[in-house]
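Presented sequentially are two complexes of subunit A, the first with subunit B as partner and the second with subunit C.
Let's look at the complex of A and B:
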């Protein structure tokens, strides 16, 4: 069930040298999960009001560690480990040059991570993972962040080079689906992270070094959120790769349509970036017309999301019926409910239904005022990132790691993996549920425990904060479980061969039109939309800029 | 490209709902003027105390405007000035606020009043206070170690 032996047709093993590069990323990802998760546990405990941090550690310091490690490091490293393996599996082993570039990217990112982490631990950078000016961190923190971004470009280029090589070797043919998806994700990542790179390199670093006295706050926030929203799609698209390409194989079915999968990825590319203002809806200095325009563009991702939901459930239903399912919903029972590789990501998919609905509320122009910067938002992205994406990544790790280490997921570990996902679901339902509800009452996110001067309203929030601590504690148990499984798969599981499942396209699917792989068209649309959404408001921001701000260290 | 019949129905339904939804949001915004706070008023953040109206924070009755009161707030780490305000139930109030240092939030818990305060910018929001009682005003954007103690109080009195 959980392993596929050598007799399986078309078994392709990722080259050992590529596996090593992918595993290096995965190690860092899970170390980040442990430290970041521990900080998350401490946060919910502090906020319950029953616990104070020892040794002069502040709430905002651990909040910074939690956000940076889980939002930026865990995600980027796992994604790169997964993507490198996926490209190597489907487009062929990396050349020595490509692999060296991959390693340079890895070490650049890691040097940046270490530098930034040291500054946070020294309490020189308690600015949270959004590092909003004019709170001013130590310049080394910003340099570290810049290295993470630049390292990701270098590592990304290694993956793109393999794709380019494949296209040249196979003219006129659509590239392997998952490799294509990797390249879409990287294209989006590179285009969006240019924004944060400009913010860090041209605004934050010169300002924190004292080369310039003042910073343009609104411009820095706009550059950040030009990056910040596509960032969440950068997390999500690898989960979609697993859903579109891997899950159909795991359930024994076929990919519903290669063309629709590619179309939905291209739509994500063009509609993920020109949307950052929906994080800035309550800010002064941006005309409400441009806010509304970006709200409309934001909502366009509903279309590829619906395409995705349809394709996935079509794959499920077709497979269930092949297995003899009857009635309208009989196929649902036929899905492999005992296979962690399916069940764990499936819970992630299910979580995306409330998560997506919450996201629509958040980005709804005036409705945003009800929830902006309340802990509802924290509840929201603990469903999107910390459930949908993370559970899909865990589910992928259960075949990816043993594939790369030449081991197998044993029956016991498969069982434990399902228990882990249930623990996660219970913990997250309690924590995220409590966050959503109390957020509607007005409880703020990113805030230390406080009675707010004895306010009656704030007193009503405390039971929900205790519920968050209960949920958060259960989630930490979930982290220990997943780390146990991962350690087993890395070092202790029995030797053997595990498949890297790659689905085949259904024979009923249409031939893929090559226009979907015409980068000139899609990148042009992408850039035009960005220029359309941002040019006028950014010029306005610069022309009407107030006197800038000096730096503050208020922690 | 061929698309399955059911998928066409599904996408048509989804896309139609989306268009209807965006039109409703748009009409609410552009016809009824329900926009998120988006003032374009600028100020020197280091001279806030000298510049009107921030040289006189508090509640001011006004005449001949679309609102009855102007409530002026100055935020700085980790205080709001004034620390408490009182407005009559049912009145229309324009909240005008800015910050002297870092980015702060200005949220009145249990209401729709929620705006970012950024150095160099004035944030404004007009609303009718139609619920009586005491409402906590708090900072909802991390501003430093005293962030969660930064409060004021809105009293809506009959």
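Let's look at the complex of A and C:
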């Protein structure tokens, strides 16, 4: 049973007005990629010990720019651009009201981004992207970040309204798969970002304005990580949308199972949020039972991850065999290895194997001590976010942007896109590999270059830091290449029609049970699990609160 | 019931691929576990 109908040959085009809204988000995303990427390059150069920043710019300032622009701005804007286009493509053109709400969301987020960026550039907010207390930024930075979150809620509501309208017009039918996935991602985003909103509005803003002297650091970190881990899945789920729905179409195959895809997304919804403690496994003040419970819930995410791996391999194998592949792995050769729309996200998928394995190690309770606060963690999320997610987004941009601009990806650009992905893979293997290894030797994350008073152990880290600089430089070349391709697709590529690929479900798949779209059930389970995992430890944190801390500006 | 039995797709490669991922996860986890036991 297919939930998405597609007229053979004739492409369904995203409405121009919706395309404009989606493109506005994509512009901001790629501007953020350039500035954030440049700061990343400067960071690895500084940490090699061979380079000093000019004009009084500090290491922690560029670290904050890098983290905020790439971890929060690039991701959120690209995801919203992609999701708006996906909803418009599969559930129908947005109404004027929905589009206006989308624009209000965009401008709210952008006002917040500009405000926060100015404070970071003025060196008033070098608090790293996690904005951990007791490091204290200027209040405008926190207000800016709050506006980004509120703007994302407004923009998200526009997408959800389209979904609700579709459901009302088509009672008893499963919604278009990718629109459903968008709504799962938004539901997760709204539920988790409530945590960071509470932290920013009730703790960080009053404290940074001087209305209160002290802050409860433990509670603020807990609220941050209640948001911070699902944030990772907010980045990852749009990549999964591409893998589940778009890639099968690109390879000429079918979606293995609509029901399996929906089940996997619902499992992500319920298991991605009540797991923030696995970022606080060395944090005093949280009873180890609750840490253990959240570790168990974290491991549950392995299930939908492996369901996804199974589904993708199945789509590939079935398609390869249709094309005449023989033997156990003959289908692998039959995949479209010259099509950037497939190759680039495929590298992202492959990177998720070591990335996921590393994540399981990080979350394994006491074992977290091996890697906690080491640069292994930085290496880990450069595999998850900066390879798996980002390469999938680049691969999606190569059809999404020309679809929205009415242009085409030429053969030369397709070729360059594959080269870009190879450059990225080489750079990331060197940089992330060095981070993983030297992290196991104890090299810290987040910190500026230092010989630590001539320590022998710190001297052993330096060759790896030079390797990180080499890898980071190669990655910056990758950023220049992708920006060149994106600029070409935006303004210079030949005019033409590019498909927004949406896969159809395999005829072998079972009918999708409607229980998978019963929000009452899934949201109830989601909220119950959150209450179960957080209520008692948070009460404990408030009743036995640590002494409050004044703000520090150490930069 | 239809007499014509629909042929199930062959998914041997998928099975081995997923088993490879599972094995990779276990091997890396035990390597880290060994480090943990060694250090703490």
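Please note the rule applied: the second predicted complex is superposed on the first by the 546 of 555 C-alpha atoms of A that agree within 3 Å, B and C clash if a C-alpha of one lies under 4 Å from a C-alpha of the other, contacts with A are read in each partner's own complex, and residues count from 1 in each chain.
We adopt the following convention: a contact is a pair of C-beta atoms (placed from the backbone, for glycine too) under 8 Å apart; a residue touches a chain by one contact, two chains touch by 3 or more.
Quantities reported herein were computed from a predicted structural model and do not represent experimental measurements.
Student: When the two structures are overlaid on chain A, which partner does A:169 contact: first (subunit B), second (subunit C), both, or neither?
Tutor: Neither partner.
Student: Which partner does A:444 reach: the first (subunit B), the second (subunit C), both, or neither?
Tutor: The first partner, subunit B, only.
Student: For A:331, using the defined touch cut-off, is the partner it touches subunit B, subunit C, both, or neither? Pick first, second, both or neither.
Tutor: Only subunit C is touched by A:331; subunit B is not.
Student: Taking the superposition as given, does A:114 touch the first partner, subunit B, the second, subunit C, both, or neither?
Tutor: Neither partner.
Student: Quick one: is A:122 in contact with subunit B, with subunit C, with both, or with neither? Answer first, second, both or neither.
Tutor: In the superposed model, A:122 contacts neither subunit B nor subunit C.
Student: Pick one for A:317: touches subunit B only (first), subunit C only (second), both, or neither.
Tutor: second
Student: With the two structures laid over each other on chain A, which partner does A:369 touch: subunit B (first), subunit C (second), both, or neither?
Tutor: Both partners, subunit B and subunit C.
Student: In the overlaid three-chain picture, which partner chain does A:306 touch, first (subunit B) or second (subunit C), both, or neither?
Tutor: It touches subunit B and subunit C both.
Student: Hey, is it subunit B or subunit C that touches more of subunit A?
Tutor: B
Student: Does subunit B (first) or subunit C (second) touch A:283, or do both, or does neither?
Tutor: Touch status of A:283: first partner only.
Student: Where on subunit A do subunit B and subunit C both make contact?
Tutor: The answer is residues 302, 306, 310, 314, 364, 366-367, 369-370 of subunit A.
Student: Quick check on the complex: what are the subunit C residues that touch subunit A?
Tutor: Interface residues on subunit C, with respect to subunit A: 6, 8-14, 16-18, 21-22, 24-25, 28-29, 32-33, 35-36, 39-40.
Student: In their shared complex, at which residues does subunit A touch subunit C?
Tutor: 302, 306, 309-310, 313-314, 316-318, 320-321, 328-332, 353-354, 356-358, 360-361, 364, 366-367, 369-371, 440, 508
Student: Which residues of subunit A touch subunit B in their complex?
Tutor: Subunit A reaches subunit B through residues 58, 60, 63, 128, 132, 134-135, 217-218, 221, 259-260, 263, 280-288, 291-292, 295-296, 299, 302-303, 306-307, 310, 314, 364-370, 372-374, 441-450, 452-453, 455-458, 510, 513, 544-549, 552, 554-555.
Student: For subunit B, which residues count as touching subunit A in their complex?
Tutor: Residues 1-4, 6-7, 10-11, 14-15, 18, 21-22, 25-26, 28-30, 34-46, 77-78, 101-103, 105, 107-124, 134-136, 138-149, 151, 153 of subunit B touch subunit A in their complex.
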